[in-house]
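Letters are used for the chains, namely A, B, C, D, E and F, taken in the order the chains are written, and counting of residues starts over at 1 for each.
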Amino acid sequence: MKVRFKKITIVAERVLQEQVVELLKRHQVSGWTAQNVTGEGSRGLRASEWEGSNVQIYTLVPETVADAIMEDIARHYFENWSVVVYSQDVEVLRPDKYQHP
Amino acid sequence: MKVRFKKITIVAERVLQEQVVELLKRHQVSGWTAQNVTGEGSRGLRASEWEGSNVQIYTLVPETVADAIMEDIARHYFENWSVVVYSQDVEVLRPDKYQHP
Amino acid sequence: MKVRFKKITIVAERVLQEQVVELLKRHQVSGWTAQNVTGEGSRGLRASEWEGSNVQIYTLVPETVADAIMEDIARHYFENWSVVVYSQDVEVLRPDKYQHP
Amino acid sequence: MSLLIDNILTPVVLCFLMGMVARWIKSDLSLPEAMYQGISIYLLLAIGLKGGAALSDTPLHVFAKPAIATLLIGMLSPVIAYAMLRKFGKRTSIDAAAIAAHYGSVSVVTFLAASEAVKRLGLQPEGYLPALVAVLEVPGIIVALMFVRTDGESSWSKALHEVITGKSIVLLIGGLCIGALCGTQKLTDVQPFFGAAFKGALCLFMLELGLVAGKRLRDAGRAGLRLLAMGIALPPVLGGLGVAAGLASGMSEGGSAILGAMAGSASYIAAPAAVRIALPQANPAYYLTLALGITFPFNLALGIPLYIYLSRTLNIWL
Amino acid sequence: MSLLIDNILTPVVLCFLMGMVARWIKSDLSLPEAMYQGISIYLLLAIGLKGGAALSDTPLHVFAKPAIATLLIGMLSPVIAYAMLRKFGKRTSIDAAAIAAHYGSVSVVTFLAASEAVKRLGLQPEGYLPALVAVLEVPGIIVALMFVRTDGESSWSKALHEVITGKSIVLLIGGLCIGALCGTQKLTDVQPFFGAAFKGALCLFMLELGLVAGKRLRDAGRAGLRLLAMGIALPPVLGGLGVAAGLASGMSEGGSAILGAMAGSASYIAAPAAVRIALPQANPAYYLTLALGITFPFNLALGIPLYIYLSRTLNIWL
Amino acid sequence: MSLLIDNILTPVVLCFLMGMVARWIKSDLSLPEAMYQGISIYLLLAIGLKGGAALSDTPLHVFAKPAIATLLIGMLSPVIAYAMLRKFGKRTSIDAAAIAAHYGSVSVVTFLAASEAVKRLGLQPEGYLPALVAVLEVPGIIVALMFVRTDGESSWSKALHEVITGKSIVLLIGGLCIGALCGTQKLTDVQPFFGAAFKGALCLFMLELGLVAGKRLRDAGRAGLRLLAMGIALPPVLGGLGVAAGLASGMSEGGSAILGAMAGSASYIAAPAAVRIALPQANPAYYLTLALGITFPFNLALGIPLYIYLSRTLNIWL
């Protein structure tokens, strides 16, 4: 049985990875997946090559939580950081797996 | 001319990569794309660091095949493995490219 | 305030990365994100292992621009290259961020 | 006592410790995955080459008895481990078999650390020992997996394929063959890379291993005290067996101590992948924590000196 | 003059130049990120080990005075840098503090290049200098961050945690401890890897650094001439302070020149991450361009010979 | 015969073989991409440095003739290859040009293997040979691409830019310049890394190359027997040309054999990327299979001894 969920994706500077994951956990997401990416945007400033380029993190969440997470990301990071966030519709099996951990 | 397709994404332990690709091929997908990812979920058990962290594999398929693949993944892996699967709507050009190889 | 956008994803041989980014820039995208991927398709030909495997590039754009970009990719690369392109609906915050740079 | 401290105050062991400390203070230090895998490939190939060159200088009749003894250890130790894990460890049959597979195989780095320790004491271990590592790596895993009925042929043969074509065994055996075919002299050219640089590269590997072990150790609480105790009880038992088998098959005091360390160690390279595929129901947290979080540091710090002591004592008796 | 050319015509510096040229002709050359990070881990650990071994041979009273002098440089130089950046550089308070943090810390590679240059002249710098690098790395960042009120405790302590548990400081201090505990003799085994291979590995690192600096240099235009001038004015001022402090604390001519190079250099490893977290409002383009695009090449080409000259001249006076 | 076996029983060639076997038994062994690219960067830079140092000791008039001969080979061999591929290989004009570009350029690893083989025989090849590798790398690609009308200026100039600013040529030329500027003596410091460790690192590279070649070989069936035959026919023809050109330009017996191996080899580093961009209609399966799956192993096993034999025989005649 498939259920409609939201996939929220965040592209951020590498130094922010831990902070973003903590933010997600505060919203009680059941999990997250991350990968290293490179890219260019309108700011394009990163702390240093030593820290690596960007990180892209996504989480699958029930639709009710999605907006709150996106707004939280916006509030924390939009002013001073190179951060992009967007959401997509997805369908998952086993919806109970993605409830509070 | 754009046609509605399904994108099915599977996040799995690295040791499963070959098996998952084989499973997809049994469904006659025309191709797949994979990348290394890290992440945390409700299980978070992986065979060992030597094998690397997770792998994320996706395939673009006609809507008719999508459900069968997701259920096949569920049947094989949900009980004992750290596996997540979800599907999304996408639009592709050249739909004939994605028919049986 | 969330606004509907398009996410256009291109999977291409690594040698094409620069060209594809240039093509995107000609369409005045505000940014792009890339990552290395591996995969198999119906062609599966790549210039050489020295160049690495595939690259996956995506860009977030207003819906009005999406079709033009996809068709441009198709026109340039479908005949001779291992290139896949697809689009998805996404919702972004701060839509003004993604206007012409 | 000074043997103990001498064993710990080496760059290799201290790098492991540094990794554990770095994890403990939550440093973001970590070797990129590609580096870590690259170094393991290098280490396994280097061990193989060295062992192969030594093997080419060893008459078959000298090598035969220790090889058979090692094979016997490989068949026996998972049985002992399984019995102990069932009886004292109170594990389910599946978890016990999964863990036993790890103790039936061998930890390459423990082997290296033991070789170092033995050489530091001025003993001359047999040069063909790396070949014994290859001999010991596979059979224990197979034997242990036989304790449980897996879901049919297919997953069994997959696991077998996984072990035998796994990177670690391919590199070790490949290295042994190349070393044996070339002989010491033709390896001179690659000696600066595979020989002289070896211990330094091992330091980097140990650093990462320390980071991983630190993580495992933090999760160790969940495994329960009973299980942790097994991680300390199994090495001496299996290690004692190894030492005895070594001496009985005519190996030197040093070589037998190293064989003891091999027997008393738990694999965390070849075994986990094979076990994960053959026994997905088993809990990886148990076997990974035990092998890397408990037994490996135990052997580094206490096990190796113990096996040396045992070998010395037994050797006098015999 | 010949000192200048001699300083540039070395494999290490030329590799840096080659990286800049490769970027300039838009070559696709670049070290994979995993390699680059792996090599930095290797370099930092190697420096630490070497310094630690030297430290274990140095009586405390010999080391104490230079260490205190270095600490003072670490506290003073961000203050000077901040004042200059505000007054002559016309930076906002936040940007000035962010840049000052970088000049308060130290560039490890500049340190290495200075050591090489000094040794090429036949001088014998103190062996414990890498320990001073560790001493100099942290305090300057902390002091500089105190110039601005950050948004509360939390981000401050995060930045502190970031610096102290950051890879570079963990590796340096870890290496120092291991080196000091093992002593020169026990490090013999790892010398081929961490010692003999060091300068070659540094070449690869410099190649990548050249590529990065080339990119920064291309963006330098945006920063404005006034700022670029600061990237050339700050090194001699802070470097002079370093040389004087070195000589005053009893260090040799060569050691003082190196301390000058350390003081006159700007960190691009530890500082940027910490500053980004503590002062996200500051513009990274400013501090990265200055540290890596201007000051680092300046020091490589002109700064180091200048500090050597200063040290020699001052030493005669004193 | 013993020359043949001696040529194969070296760590470098056996590592290649081991990679092919590992692929054949479907092992999951593979060097991480970052490592593979890192090692290639290292190898190319090291070759350049060594050649540059030798070049700085070579009077121009000694180097001029072999350089011109090499240039001629670079212009001539793609023409011969194109003609043969059209006539006997029955390829389309585009595929023939694409393949010819690979044979017009040079395989760096074949060059290395040939140098080793020649030195093992006690011959002293010219030290400036790596400079000839750089000379041979580019022109053949350009000439071959002229056989087909590409879709306009733009893709042509893109291909040219791709070759000239490609990693391999930048590293080789960069290394040559650095080596020539520094001279042998200043390179002493980096010799343990770039010199002594070279052959060992090459082993790791060959392992990965074996894995890749194994994959290509598995796909070779699709290319058709006629094409595979070309992969074996072209090397002796072009190699013979190379040997003759070498001897005619006054090079030694050993050097001419190596030049033969260079001429008879097909590039799989610089050429594929450039050809892919300039001639996207050409089928990569053809040129990759031929260059890496057929010609490279052929040269390793049979080609190199053949070129040595040719050089020896011709030298007596002349």
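Just so we're on the same page, a contact is a pair of C-beta atoms (placed from the backbone, for glycine too) under 8 Å apart; a residue touches a chain by one contact, two chains touch by 3 or more.
Note that the structure is a prediction, hence the values are computed from the model and not measured.
Shared contact partners of chain E and chain F, listed by label: D.
Using CA-based centroids throughout, the chain positioned farthest away from chain D is C. Compared with chain A, the chain whose C-alpha mean position is the greatest distance off is F.
Where chain D touches chain E, under half of the residue numbers in use are shared by the two copies, so each contributes mostly different positions.
A straight line joining the Cα centres of chain C and chain E is 40 Å long. Per-chain Cα centroids separate chain C from chain D by 47 Å.
Chain B and chain D have Cα centroids separated by 35 Å. Within chain B, contacts with two or more other chains are made by residues 35-36, 88-89.
Touching of two or more other chains is recorded for residues 28, 32-35, 37-38, 167, 192, 196-197 of chain D. According to the touch criterion at the top of this document, the contacting chain pairs are A-B, A-C, A-E, B-C, B-D, C-F, D-E, D-F, E-F.
Interface residues of chain E, counted against chain D in their complex, comprise 32-35, 37-38, 41-42, 45, 49, 161, 165-167, 170-171, 174, 177-178, 181-182, 186-187, 189-194, 196-197.
Contacts from chain F toward chain C in the complex involve residues 33, 36-37, 40, 162, 168, 208, 212, 268-269, 272-273, 275-277, 280-281, 283-285, 288. Residue ranges on chain C touching chain B, taken from their complex, read 11, 35-42, 54, 56, 67, 70-71, 74, 78, 84-89. Contacts from chain B toward chain D in the complex involve residues 13, 15, 36, 45-53, 80-81. On the chain D side of its complex with chain E, the touching residues are 9-11, 14-15, 18, 21-22, 25-29, 31-35, 38, 192, 196-201, 203-204, 207.
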